[in-house]
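Encoded as structure tokens, the structure appears first; notes follow it.
Chain lettering (A, B, C and D) follows the sequence in which the chains are written, and residue indices restart at 1 in each chain.
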Amino acid sequence: MNAVELAPPAPVPLVEEPENYLSVSHTVASWLLTTDHKRIGILYLYSILFFFVIASFAAATMRLELLNPQGGLVLSETYNKLFTIHGVLMVWFFLIPSIPAVLGNFIIPMMIGARDVAFPKLNLMSWYIFIGGGLFALYSIVSGGVDTGWTFYTPFSSTYSNTHVIAMAAGVFVAGFSTIITGLNFIVTIHKMRAPGMTWFRLPLFIWSLYSTSVIMVLATPVLAITLALLSLERFWGIGIFDPKLGGDPVLFQHLFWFYSHPAVYIMILPGMGVISEIIPCFARKKIFGYHFVAFSSVAIAVLGFLVWGHHMFVSSQSVYAGLIFSLLSFIVSVPSAIKVFNWTATLYKGSISFDTPMLYAFGFIGLFTIGGLTGLFLACLGADVHLHDTYFVVAHFHYIMVGGMVMAFMGGLHYWWPKITGRMYPELMGRLAALITFIGFNFTFFPQFLLGYLGMPRRYHTYPPEFQIFHVLSTAGASILGVGYALPVIYFLYSLRNGKRAGANPWNATGLEWQTPSPPPKDNFARVPVVKREPYDYSPFEKERTQNV
Amino acid sequence: MILPTRFYIKVCAALFALLALTWGLAYVDLGSLNLGIAMGISIAKAVLIMLFFMHVRDSGRLVQLVACAGFFWLLILLGLAMSDYQSRGWVPTRRPDLSQSHPASKGEVPRGL
Amino acid sequence: MSEKSAAVAHQFETIEQQREAATLGMWVFLATEVLFFGGLFMGYTYTRWSYPYTFEQASHHLDATIGGINTAVLLLSSLMMALAVKSAQLGKRKPLVTYLLLTALLGMVFLGFKALEYHEDYVDHIVPGIRGFNFEGGSPRHAELFFWIYFAMTGLHAIHVTAGIIVITVMAVLAWRRSFSSEHFMSVEVTGLYWHFVDIVWVFLFPLLYLAGHR
Amino acid sequence: MNLLPGQASSVAPEVDYLLLFLTGLSLFFMALIFLPLAFFAFKYRRGANADRTPPRVTEWKLEVTWTVIPLFLMMGIFTWGASVYFNIERPPADAIEINVVGKQWMWKVQHQEGVREINEIHVPVGRTVRLVMTSQDVIHSLFIPAFRIKQDVVPGKYTTEWFNATKPGNYHLFCSQFCGTDHARMIGRVIVLGESAYESWLASNSSGGTLAVAGAKLFTELGCSGCHGENSKVRAPPLEGVYGKPVPLDGGAFQIADDKYIRDCILQENHVHVAGYEPVMPTFKGHVSEEELMDLIAYIKSLGGGK
């Protein structure tokens, strides 16, 4: 399905349809050389969908493999390569770019009233760098895969693994720069290109959370780049900085890796929180509760997120006192997330709540992210982590946050802004059905894994003692439902491109500058640069509609 | 705000003086102080370059914030990671009677860090 | 659409906004560079903390005179770059081009000294991983670790210096072809920021690598 | 099918109370969020007539409550968790020492009495057992769910783990840090025997001499006695009574001669410069395996010093 056919040959319109960013030109070159932030967002959408499909196949195969205790569907080497592919592709080539690069690229300039991001050519370069990194990763997968896990722990990854580690490390190294450029672009755009009147406290919360995410992207990703470079040097020339036989320390790699990777999990969840802070006020027709607190909790998560990486290393011969420091800081970093969840719930009080698809995904997000966050406390608590570390409890915890939280929010955001992106409405009933199936399938898949974690089944095992089998069978059954839940939107989104109902400029009657442009918006977003006078989420003009209980 | 050329040359002279100071002090055995002083001088040189050559002094508070953010985050990395290494020997994971006599019980004792 | 001079890119309103965006963008990029080098500084800190004795012995094998001269060369090039940015602000084309070329020249002198030093290390058998690395005083394996970090840090820095020289020469050519004016000179200013940053990195590298402990 | 594996060690109850409290707390917070969520969603659904006059609640009061209360709760859990962690990390003094060497995809266990086992550890019930572990290649992690303990086994250093088995029986032993192809097959059993059964098992299995005896044999075979022996002409530091005592280094500092110090001196060429002696000790890297290292350390320990 190449990009050109995306723009439907509109039937002869009665009134001449205003030229929008899709119909302005249809050549392949107009897509591959575009500097329009909206088109780059769509390019990213198709690229991450491609990687999502590969990683999902890897996950499906693993779930089938785990159906019986002896495994036997695939060899142990293949299983190790499968979970590495699943990890690397999902983290770096789907989750991290998903909301920032797709929805962020599309919506941020429109939300702040700008014509484009600060550095459009740099924005296009970031997509090409992302594709370059993806090609490296694909080369590594095709030519034999990597069996080190997405964490690349040394000395296994640097000395003992004989798989294509350097190629995969190069892929992630390059994709890291794409994230840095996106983050840099957003920071400068949000600082310097806001429309007149758009003060910081009139910014929608989506902008606050993406600003915080960009700060993390910019400050954490370079350390990942240098760590993977050192890993490749170690593997290629044996410099010995991570190899204990040559005087190095494998725990040093863990410090450098987790200094990036914990902030990276906040890169993955913060944009999701931003989308939820947009969806809930719109479908509850009510101003968000505690705007300032939710805004500053995003910034607090971004800053505190850098101080807590040691909770990944409690049992890795890290010193006990360092464990105390990291455990304390990890508990403190959970408070801003709790504040956000309480504020979303309080927003619903005295609202006028409708259960459109984005709102269903938002409810799903709050439910699953709360469970994910609370189980995070188990792992931050030193005494409990000794038993639970590296077991399926951890697998369930981060899937609740990343899949239950981030992917739910990404789906919600995609449904919420789909009319603006394509000018078409998705089929509402199908949307609600898909959201329900995803929610049920997800819980069915990952809740049994908490119990596996309690019972002490370690991660990354392709054969296991028979007493754990019942949980794995439940989990695999759930995974098939989840698969259906994700396949449905792909189908009806493509269907809606051609014959979805035409969406007006503001189908949800939402506040926010992006809804004051026609959908799909013209190339330069705004004819006149808008002037902002009211604070965000001011649903009072829609007051009458709310109080008459129409 | 454009600074006179003479001012730039004065700043450069100060930088050269600090370089000479670092160089000179390297030949004096101050034990563990050597590193501290060398770092202090380097920080002074870096601040001089940033304030005047990179015009941080007369650019907005935002640029000043970003200028310090990089170094501050580097300190987070170095500080918290070294807190792990430094405190490894403190908790007597071995037999308690053994480690009372001497706290650091790992490789070479960090003498001239 | 408010009429704008041709110099302002379509997504900006005023030249002032574009200039601030460019400067802020470069500063954010420099923050990433600080952390990019930061990983190596972390490696340095760990290895020196673990093997302080061998570290100092190995550091005394490096030629501090060339290191010192190189630091002076880079400081001087920073001065040249600062004067270049000043003349760009004043719109004086000829001094802008000369200062830029002087900066690039000093950068090349720095790389020249670096190459000389690397050759000296090669002859001195202290290049790790290559033919007969031998080293007395302290355990050879830990010394090799020091030299790996030394070559990683100075190598990465040299790559940044080379990139800087290329960009400065491009700026000089653009300035020669009159494409900068007194209010549209941000690319020179941004290049200046980058060059000063590269100088700051060397300011820290020199004492840490060459003057570890006392000589 | 209960929630947690059986409690079979002295720390297990402490950890279980902590885990069950955390589960309860999570259920409470889930109720605290999901019930109002469901209630609001139902009561204020669009079209339902309900009093929707904007609430005049002072925002910051509510915000402060649900910031401060969770913070205090967190500090409470943190301290409780930290105290349990301290118990898990710090072994009591008198413990049976068992050496464990992790190798890609098997556990090699050596008892002080000289008995060697693969993937199995026989321990007496009711006695404190301390595992001194190292790895021959990559990072492994010895995880015994029934005892609620886990500790990474890192190459190049000795990590320790202790437990006091309270119930006889067979318990799972897993490797929980990914270590390569057969990470999933690097499992084993901890067999807890009664006191007498353990003694008879030891007697029937200890064919060769104790570790110290094996160490002594190695000490002469490898030529260590050439320098460190009594009548050696080469000046080398005497090893009698050195274990556990501080060793004066050239340059004034000194360092405890513990397992890692002895291991580094054997493996790394002039790792340290002992005061008063030339750093001429050759490296034995590649000539001595991890098990033999442990035998040598057991021998040096047997020469007196901090037993």
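The rule we apply is simple: contacts are C-beta pairs under 8 Å (C-beta built on N, C-alpha and C of every residue); 3 or more make two chains touch, one makes a residue touch a chain.
This structure is a prediction, so every number in the text was calculated from the model and none was measured.
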Which two chains does the highest number of contacting C-beta pairs join? A-D
Determine the chain that sits nearest the middle of the structure, using the mean of its CA atoms as its centre. A
Determine the centre-to-centre distance between chain B and chain D, using the mean Cα coordinates as centres, and give it in whole Å. 36
Using Cα averages as centroids, what's the distance between chain B and chain C in whole Å? 18
Two or more partner chains touched - positions in chain D: 86, 89-90, 251, 268, 271
Of all the residues in chain A, which ones touch at least 2 other chains? 191, 219, 223, 247, 249, 251-252, 255-256, 320
Per-residue multi-chain contacts in chain B, two or more chains: 62, 69-70, 73, 77, 81, 85-86, 91, 93, 107-108, 111
Which residues, counting only chain D, touch chain A once they are in their complex? 1, 3-5, 14-15, 18-19, 22, 25-26, 29-30, 33-34, 36-37, 40-41, 44-55, 59-60, 62-63, 66-67, 70-71, 74-75, 77-78, 80-86, 88-90, 104, 137-139, 141, 143, 145-146, 148-152, 154-157, 159, 172, 174-185, 187, 268, 285
Over in the complex, which chain B residues touch chain A? Could you list them? 62, 69-70, 73, 76-77, 80-81, 83-91, 93
If you look only at chain C, which of its residues touch chain B in the complex? 20, 23-24, 27-28, 30-35, 38, 41-42, 45-46, 48-53, 56, 64, 68, 71-72, 75-76, 78-79, 81-83, 86, 89-90, 192-193, 196-197, 199-200, 203-204, 206-208, 210-215
Complex interface listing, chain C residues touching chain D: 53, 138-141
Contact footprint of chain C on chain D as seen in their complex: 251, 268-271, 273
